[in-house]
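Shared between the two complexes below is chain A, which has chain B as its partner in the first and chain C in the second.
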Partner chain A sequence: MEAERDEVLERVAAVMRRTFRLPESVEIDRRTTSADIAGWDSLSHALLIMGIEKEFGLALPFDRMYDLGNVGELVDLIRSIQAAE
Partner chain B sequence: MLKTLIVYGNCQAEAISTIFRKDPVTEECFRVLYLRSFDHPSDGRDELRPEDVRDCGVLWEQHDPRPFPHRDALPADCLTVKFPALDFNLLWPFNCPNPCDEPEPPVFPFGRFPYGDRIIIESIGKGMAPKKILNYYLTGWERYGMDLDRLFKVETARLGARDSHCDIKMSDFVLENFRSERLFWTNNHPTSALLRELIHRLLAASVTHEPLLDELDLDATISYRFAPEGPLGVVSVPVHPKIAGHFDLKWYNAAERHQNFGGVTYSGGEYVETMIREAISFRETGKSGKVVPQTIQPRAKTLIVSGDVQAEALASLLRSVPRIAAKFEIVYASNADKRAIPNKKLAACAVLCEQQDSDSLTMSKKLSQDCLRVTFPRLQLNLLWPFNCVNPYNEPEPPGFRFGRFPYGDSFVLNCVGRDVPPPEIMSYCLSVEWSQSWPDLDQLQQGESTRLLALDAQNTVKIGSYILNHFRTERLFWTVNNPTNKLFAELLFQLLHACFGSMIERGATDFEGIAAREIFGTLNVPIHRNVAKHFGLSWYDPRERHNYFDRERLSYNQYFEELIESSYYFKRLRAQTAG
Partner chain C sequence: MTIAERLRSLYASNPDRIACTFISSGRAEAITFGELYRRSLAYAAQFSEQGVKPGDLILVILQHTPHLFYSYLGAILAGAIPSFMPFPSPKQRAQLYWADHETLFHRIEPRLIVTYERNLSDAQASIADFSIPTLIAGDEILSVPGDPEIEYAGFSSSPDDVACLQHSSGTTSLKKGVMLTHRAIIDEVAAYSRAIDFGPSDSIASWLPLYHDMGFIACFMTSMLEGTHLVQLDPFEWTIRPHILLEAMQEYRTTFCWLPNFAFSHIVNAAPAQGHWDLSAVRAIIDCSEPCKKETFDRFVRRFGGCGIRLETLQVSYAMAENVFAVTQTSIDRPVRVATLDAGTFSSGRAEPAHPSGPAISVVSCGHPVDGVEVRVWDEHSNAVPDGIIGEIAVASPFLFTGYYKLPEKTRERLRGGWYATGDMGFILEGELFVTGRIDDMIIVNGRNYYAHEIEAIVNSVPFLLPGRNVAIGVDDARSDATSVVVLAECTAECDTDLAGREVRRMILERLGLAIHSLVALPAGELVKTTSGKISRTKNKQLFLERAFTTTGHSDGS
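Coming up: the complex of A and B.
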């Protein structure tokens, strides 16, 4: 279970690195928020959402995609959608 | 006392505050202050004075991760209206900060190409050649494109989510209109059309009853006081042709020229290619500016126009002459606030155009020795209105009549009013076919006016006095003694440009009709006495002409004088009652 959580987190982190052009040295964990990442604003968040949807082959619900407090909540949302499928 | 309005936010909030300061209606309603919500790369952040915050009647606060910092100090009755930032991913879905760019103030405070493109940046990272990247960008959509319909839905959710934090909602307007009307120059720079809608919504939410605002004409203010692209059109990023086609953008023009910082314009392809070359150069050398040479950063220099409203109109028109606007930042210095010009703009002044008799800037030690100094006269012709005088029976009634109903008096009529001559009798003189012996000698007047105008030519770089003398009979050059027609103003503009730039400017270069669609000073048209017209042989004179009266009515010759007499008697009686 824990290994699966890590895999989702790693894939989310990879999308984030591509979207925000982050070097590997920038750590991304469940507690990471938009305030920790340069360039993560509401505008670029839309592109992150699109990148996540493409990476995981799913559609995030509109009422949740702009209501996420940190990376952990995004990971949990992805997992809950995968579980429902 | 004016209500203090504080506008807090990014450059869009600054644009709103600038528009309000320049609009004749809003400047009478509000004292407008702007507070930046971000750190400007070269100008930093300004602060508000504590007394300004204490006096604040209305706060327009842009929704921002950094909220207005002085909320606790606002008075209890201050009305706060929260509005969203205006931005839009849909037309530039690959937008990203450009890592191969750096600020170079003052011409490029945000860098040369701060709006990066993910596809291009990634291609550069792979070591692709510039031409290959451009080709890939234009033809490789199938490989890198995204689901634009899904993006539309995500973007709709984003705009809606942000609106939910605000009192003013804008997503409905953006999503309904982005196809039919251009609403953005870049992903975060709205056009004037969108700014205007936001301002109207802000006003509707802030002001319950203010009759002055019925007169508000934002389009006129924006078109007159700003460059054609509006306050935020300094950069226009091309939209990918695939995206324009997918969303069926009605306003899209593949042949459009795109303005960038520094005043340089590019076709869509040139813009992308120059950005690619700049970025590659930056990666290789660590410095920008290898591709866009220093010689085409002309707006580092300013062209200052100083003087009264005629000078302000000249400055506005100069901003609309592409060749000049691309070369200089045009700065207007009114007689009242000349000291407000920042030192760096004075120091960068390459051309100073001063209206004669305006408080001289030429003594300023801040001006460069190389600065070209040109003087031009205030346009005025007394000859056609020999009775013109300041009207003592006139009072400002803003906003419709900011200078009163009849600011241009007629000494004969007003003397009659002063002596209580009955209105029908005054009218009979106004309509008289004979020129009374006691009235001014028109030949003598002409001699004096010729001397004055030729003396102006001798004193100024721009010689327009002789032009007036040679043309006033065959062409209408003035609406009032000091309000020139566009015909004359176009000549002044041309002569000014010629004095500044010589043969670089040919007569047709200004396309005056294109940049001044309506008469700039034609809001009031004072009738010319029939005998004056006859004496000087004015070939264009039409005694049946209707006279524009503050853009409200068009009055016949008789109506104009009847109204003048009636209005003058009204104010005379009013004053007598007040004094009594």
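Coming up: the complex of A and C.
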């Protein structure tokens, strides 16, 4: 369970690095928020969502996209959609 | 003619015609003019029951639902003065949102707020002795239908009464309510419709919020007053999936659309790469609210040329709430003119043709003044300058606002002898207006205005940053084609710049709802001062662009 969750987090972190052009040295964990990442605004958020959907082959629901408090909540949302499929 | 009378006559002649289609989470709700009118009357009845009198101010703070339209038009039918206000964004702390509104409410004294139960409890928790009456929006209000036979107070308004307020964007407590009369709105919409050849067979697709002049006047009011179909998308949904606008254009064969410059690039960047939409019905997509860029248009045509978008589909308007909306507009039947200017003389304030071999810059035309509108370019003493000289843009027109609500001094600063000093810089060439930037410290991010000094005041309270030793600047990002804010701040020797960067981003996000790009932490004494000892935004911005500062936000500096 825990190892699988880490794998989702790692893939999310990789999409974030590509989207926000972050070097490897930037740490991304479950507590990371938009305030921690330079350039993460409402427009680049759209590119992140697109990248996540492509990476995981799923569609995220509109009503959840704006109330995600941190990366951990995004990871949990992805896992809950995967579980439902 | 007043807006209430216009709505009544539209209702009588077209009750079954579709007025608007609301699209939310993939579902479409079509509303006829008859339904729109009766539901707006239901709100008018509620307002009257709550004792709202002619001239009372009603604030509408609602998310994307048809109740935005019903409550707003209902307020006009009741003779009140409505104003759309931004809904608290999910990233903004509710408590700070309402605390910031407290100052504004004291000044403008709204008679009533239309909102939701949840917002009301947040407001009560955040503002001491919150006592402004509220009307909770919802379908229950529509269960008591408005009576078309009742002569609500709005029908006895005069054309020269203030019909509504349009609040400026940016810092809440400083918001200025632009007062617009019935006559100004109706006449401007008519004049602008002639300028763009907009007629009964046209229709509009929009994702724009209604608290901004482009969404409010160009889309909402134009549709309501001209009796045409408006397809309205949710702004939040559009941001995440911008191609839903293209889907709406295809599905409803809409002919007109207004977009700020960044939106063109956002659609190109975020629309699915393989996506194809039939956009052959689109007559014009009009770029306004920010300086428009030639490259933006070129990219859009390259991406959507196969969908029916031609260079002449993309047009430009220079618009502002103080003139209801459009000041100038390009001719919608031909490509927009682009002036190629000598970069050297341009930076010294003159627009001269570029030498074939020399450095050049391109400026996109905003077109000719709309019928009835006069445009001048002034020097600092309000004397008109010759063509090709850059100065402040001033506007005189029959559609001008009557002033800022309860701000007589701000009104006198800007509105003098029938001329409105816009604060925008530009020049005129052969009758066409070219806009080049702003005079003041305003930074426009995704169509919203922020003041550098407001951002700097927030940064002042961050630990380990030296108070009063920072500047906020707007930096254009070539990739997203949007402006983002960078803060340059001097810090103490023991400052953890990573932590300070996060703190600055978090505080500005919570207070202003603005995601800045990054903080650049500098050693004490690094920022350049003006001769009068103030830290210069212009010079430090120049230095930032020229030199590679090390940013705390892991930006690669591009």
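Keep in mind that, in the parts below, the second predicted complex is superposed on the first by the 85 of 85 C-alpha atoms of A that agree within 3 Å, B and C clash if a C-alpha of one lies under 4 Å from a C-alpha of the other, contacts with A are read in each partner's own complex, and residues count from 1 in each chain.
Everything below uses one rule, namely that contacts are C-beta pairs under 8 Å (C-beta built on N, C-alpha and C of every residue); 3 or more make two chains touch, one makes a residue touch a chain.
Everything numeric here is computed off the predicted structure, so don't read it as measured data.
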item: Chain B versus chain C as contact partner of A:Pro23, first or second or both or neither; value: second
item: Touching partner for A:Asp36 - first (chain B), second (chain C), both, neither; value: second
item: Chain B versus chain C as contact partner of A:His45, first or second or both or neither; value: both
item: Which of chain B and chain C A:Phe62 touches, first, second, both or neither; value: both
item: Which of chain B and chain C A:Glu85 touches, first, second, both or neither; value: neither
item: Comparing the two partners chain B and chain C, which touches a greater set of residues in chain A; value: C
item: Doubly contacted residues of chain A, that is, touched by chain B and again by chain C; value: 21, 35, 39, 42-47, 49-50, 62-63, 65-67
item: List of chain A residues in touch with chain B within their complex; value: 21, 35, 39, 42-47, 49-50, 53-54, 59, 62-63, 65-67
item: Chain A partner contacts - residues on chain B that touch it in the complex; value: 65, 87, 89, 93, 95-97, 99, 118, 121, 146-147, 150-151, 153-158, 161-162, 187-188
item: Residues of chain C defined as touching chain A within the complex; value: 25, 89-91, 236-237, 239-242, 262, 266, 269-270, 446, 480, 482, 484, 501-502, 505-506, 509, 515, 517-518, 551-556, 558
item: Chain A - residues contacting chain C, complex; value: 21-23, 25-26, 33-47, 49-50, 62-63, 65-67
